[in-house]
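Note that the chains are named A, B, C and D in the order they appear, and that numbering of residues resets to 1 at the start of each chain.
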C-alpha cells in the first residue's frame, strides 16, 4: 500500500495513512497488520493495530509510537513510498452480538489506544452508549480525544494531572459510580489489562482484552506469540486466536 | 557528498557526479574512493576510481558497472541523496616526471577505463602525446570515446568487430607499428594487464598497472587487498602502495 | 529437458518436483494463514513442526527477538504431542494436499522418546521421511546434547533407524567444534540424509531491563546472517560424508538456493524468510529456472552430480 | 562523577580512560590512514595485528568477502614477524602516542613459537598486555586447535604466562561446542583476562565460478550478524569464570557496547565497524555518556560491578 499521509499526533506518536488494495471486508476493530519495514535489514514485520478504515477511499490508518529502530524507520519513510502490508490479521473485538441498547466501556492506555478508535466508531454505529477511559503520562501526549468524544463519552486521565483526572486509568475508574457495563473492551500495557480484569471480575460484564506479544509470523505458523488461558499454558496464539481474548479466561 | 547527476553511459555502465567537500588537492589520476552504500545492510564500502575531477565546481565523477548488489543499489539511488565518500585513496599514476615531449600509451578495458579518462586529460594538460587503446565486448558498450579523442589518439577494439578493430586490445596493439612509448599506463582485467606486461617487457617503456582487489578497509589497516611483487609475496597493499604498481615488478 | 524436470530432485523417500520446502517450526503443520497465500501443492515438500511424545507447552515468552539480519527464537518445541499431531494435524494436511511429501521433524528428551515418536510417526503412512532433530538449542533436556556428542548421536540415529519405516534425515546443530565428526557419526548410525543447519545459540539483552529479552534467555539464531556458516558446514560435510543434505540457514532467494547446491546440498528448506515474505517458497521456486539459466545450470540433479562427483578433482 | 571517570575502567595491565579499542587485525599497527581521521589518543587502547615469530605472507587472495550483515576474512595472520614489529612498528606507535595502552595480539603454530613471541613482545616495554590468539580460523597449523581443545588451551596459557611480563588475555574462538569449558581451562592456566569472540568459520561461494570466493575457501565471519552469538558466549562465560572480558563481535554503537557490558564485558573492541565508519571508535566513545545517561548508568565500573556482582541473585 502507498503512504499517502504521515503526521505527528503527539511527541513520538505518528498517524500514517495507507492507500491501496487491502481486504477491507475482513478488517474488524481490533485486527492488526504486519507491516514490512522498507529496508532489507529487518527480518521481522511489525504488528500494528488498525486505527481507522475507509473502504471507499481505500485507506487504512495506523497510529504508532516510535519505540525502536523499526518504528523510527517507519517515521522516516516518505509519503509516496510503498509499504508491504500483511493483513488484516487476528480475531478482532467481538461486536457482532452487541445490541444498540448496551452500555459499553472502552479502556486504553498508550499504544493500546489506536484499536479502540476504530472500535468506538463501530460501537457507536451500532447505537450503543460508549464510554472510553484512556490514560496518558501527560497532556502533551494525548491523542484520539476528538475521535472518542465524537463516539461517546470520554474520560481522560493523565499521570501528572495536566489534563483530566490525575492518576492512572485504574484510579480514574475507581472514582466513577458503579455502572452496569455489559461489555468492557481494553487494550494497553499488561498492568492496565490486569487492572481491568480485577476491576470487573465481580460484575456481569463481558471482558475483552487485546494483548501484545512479540511476533515472528503473525499468522499462526511459529508459536512465537503465545499466551496462556485458564485452560492451559501457552495454549493460544495472540496472532490468530487473539489478539483479543476473553478477559475472564486469559492469564496475564 | 551529494549526488547531482546520474546517467547511463552504456548498458549497465553509469556515470555519477558527486558534489561537495572532498580533498580535491590530493586527488590524482588513478586514485580511488571508498563509497559507503546508502543502506545499513552493507558492511563494506565499494572501491571506485575517480573518472573526473572538477575542483572549482567541487565535483567528482565516478563511472561504474552494475555487477552486484552494491552497484545495483547505487544505481537505484536518487539524485539529491548524500553519499559518504572516503578518499581520495591510493597512490595514483605517477605523472610528476612526465615531460611534455613524451609519447605515452594508455591501455584499458571494461571498468578499467574510468581512471584512464582522468589520466588522459592530465597527460594532455602536460603536453604529452597520448594514445589510448581500449577494448569492449561490443559497440553498444563503448563509453569514454569523446574524452579520449579530446585528449589524443584513440584506438578502439571490440571483440565482435562492431566498432573499430575486431579483437581484444592485445591483438589491436599487435597490429600497431612498434612505437617508442616512454610510458605505458594500463587498467583493466588481469588478462589485459598481463598482456601489457608481456608486450612491453622488451621495450624501454616504464609500465604502470592499476590493479583491482577485494578490499575491506581501503586504508592499509586490514591486509585484505594484498598483491605480490618480485620482492616478495603479498608484500604490497593495493589500497595504499597501489592501486598502481610498477608493471615490471608486480606479479599478477 | 522440461522446466519441471530441471527442478526435480530425488532423495531417499523424497521424490521432489522441486527442492524447496518450508523449514520445521516456521510453517506449523501447514495449518496457518500462510497456506491461504499460495497453494501448498507448489512446494517440493513440507517439513512440519517438531513432534514430541507428550504435548509440550514450550518456553516462557517472549520467544522472539530480532537481531541484525537474524531472528532469535526460543519457542522450545511447543507442540501438541505426536498423537494429537497424527490424529488432528496430519490427516488434515494429507487430505488437503494428498501428493505433498511431508517430512516430520521429531524430538525427544530421551532416546526412548525419540524412538517412540519415530515409530508412531513413520508408521502413519502420512509422512515421507523423518527429520531427527538432535539440535534444538531451546530445550534443557536432551535436545542439544544428542547433537553435540558423536557417540550419542550415532546411537540415537541407529535406534531410530531400527524402528522407522521411512528414511531418516538427521538435523545437525551448528553449535559444535567439529560438524564433520557428528555427520560421520550419524552416517555410521545409518542416517539416510542430513538436514543442516539448525540455529546458532545466541542472546539479546534489553538495555532498559538489563536482562535477556527472551524468556528462555538464550535462543536460536536464524536468518541471512548465518548463511555463511551454513554454507561452510554443508561444504565441509558434503566432502566427508556421502549422504544427501537438505540445506537451510538464511536462504531468501534462488541465488541462495544455488549457493547451497554449490556447497553440496541436494534440497533446501526455508524458515525465517517467511516472516518477511510469506510467499518466499513459491517465489523462490518461480525464480529458480531463470537464475539457473543465467548460470548455465541445466538441472539441479546435474548440478548435484557435478558438485558432489567433483570432489576428487578438488584441491 | 566527571564525564571522564564515567568511562574509565581498570583491567589487569589496562588502566583505561575509556573501554574502546580497535580489534586486532582491523587497525594494523596504527600505521594506516584511519590514524589520519582522528587522534588515536582518544582511544582507550589499541589492539594490534597478530604477531608471529617469523614473518607470515598470509593466505592467497581474495581474502575478503561480504555477507549479509557480515564480512568474511581470510587474511591468515599476515605480519612482518615479531622482530620487525618490535623494531619498526611499535616504536613509531609508542613515540606518536606515548600514553596509549597497546595490547599485542600474538599467534603461533606451536607452543614454543607462542612462548617466544610472548617473551619478546612482553619484554619490549611497549605493550601493556598480550592477547593470546588461540582462535584464528584462517591458519592451517595450530591456530584454531589451541582454541578448541581445553587441555591444549590451558597448557599454552600456562606456558605463555610463565614468560610474559605483562598480563595475558586469551582470545577465545566461538567455533566450539562448549565455550565455558575453554574459558575455564585458560583461567586454570592462569589467564588474566579473556577476549571474545574471534570470528566464526564461514564461507561464500561464487555462483559463476561455483567455487568459494576466498582464496583460503573458508574465512572468519565478523560484523553485526554475529553479535547475538558473542553476547550469548560472554554471558555464559562471565557467569562461570571470574575473569574480565574484552568483548568484541559486531559492535557498532554505544548501545552495542552497553549490551556487551550487560552480558558481562569489562571493555570492548571494534573491528568490522571501521570498514564502514573509520571513526567508529571515537564516535562510540563520544556517544557513550549520553546513552549511559538515558539508561541511568552512572559509570561503567559500577555497571561491571552490578552485572558481575549480581550473579548469585540471578536465576
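To be clear about the criterion, a contact is a pair of C-beta atoms (placed from the backbone, for glycine too) under 8 Å apart; a residue touches a chain by one contact, two chains touch by 3 or more.
Computed from a predicted model, the values in this text were never measured in an experiment.
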| item | value |
| --- | --- |
| Touching both subunit A and subunit D (chains) | B, C |
| Co-neighbours of subunit D and subunit C - touch as defined | none |
| Most remote chain, CA-based centroid, reference being subunit C | B |
| Inter-centroid spacing, subunit B versus subunit A (mean Cα positions, whole Å) | 58 |
| Chain centre separation in whole Å, for subunit C relative to subunit B (CA means) | 47 |
| Distance from the mean Cα position of subunit C to that of subunit A, given in whole angstrom | 37 |
| In subunit A, residues with contacts to at least two other chains | 41 |
| In subunit D, residues with contacts to at least two other chains | 67-70, 224 |
| Contact graph of the chains (line, ring, star, complete, other) | ring |
| Those chain pairs that satisfy the touch definition | A-B, A-C, B-D, C-D |
| For the subunit B and subunit D complex, residues of the former touching the latter | 36, 41-45, 86, 89, 213-227, 232-235, 240 |
| Touching residues on subunit C, where the partner in the complex is subunit A | 25-28, 31-34, 49, 57-58, 61-71, 73, 75, 78, 223-224, 272, 274-276, 278 |
| Subunit B to subunit A touching residues, read off their complex | 39-41 |
| Subunit D partner contacts - residues on subunit C that touch it in the complex | 67-70, 72, 148, 175-178, 200-205, 207-208, 210, 212, 217-218, 221, 224-229, 231-232, 235, 250, 255, 258-259, 262-263, 295, 306-307 |
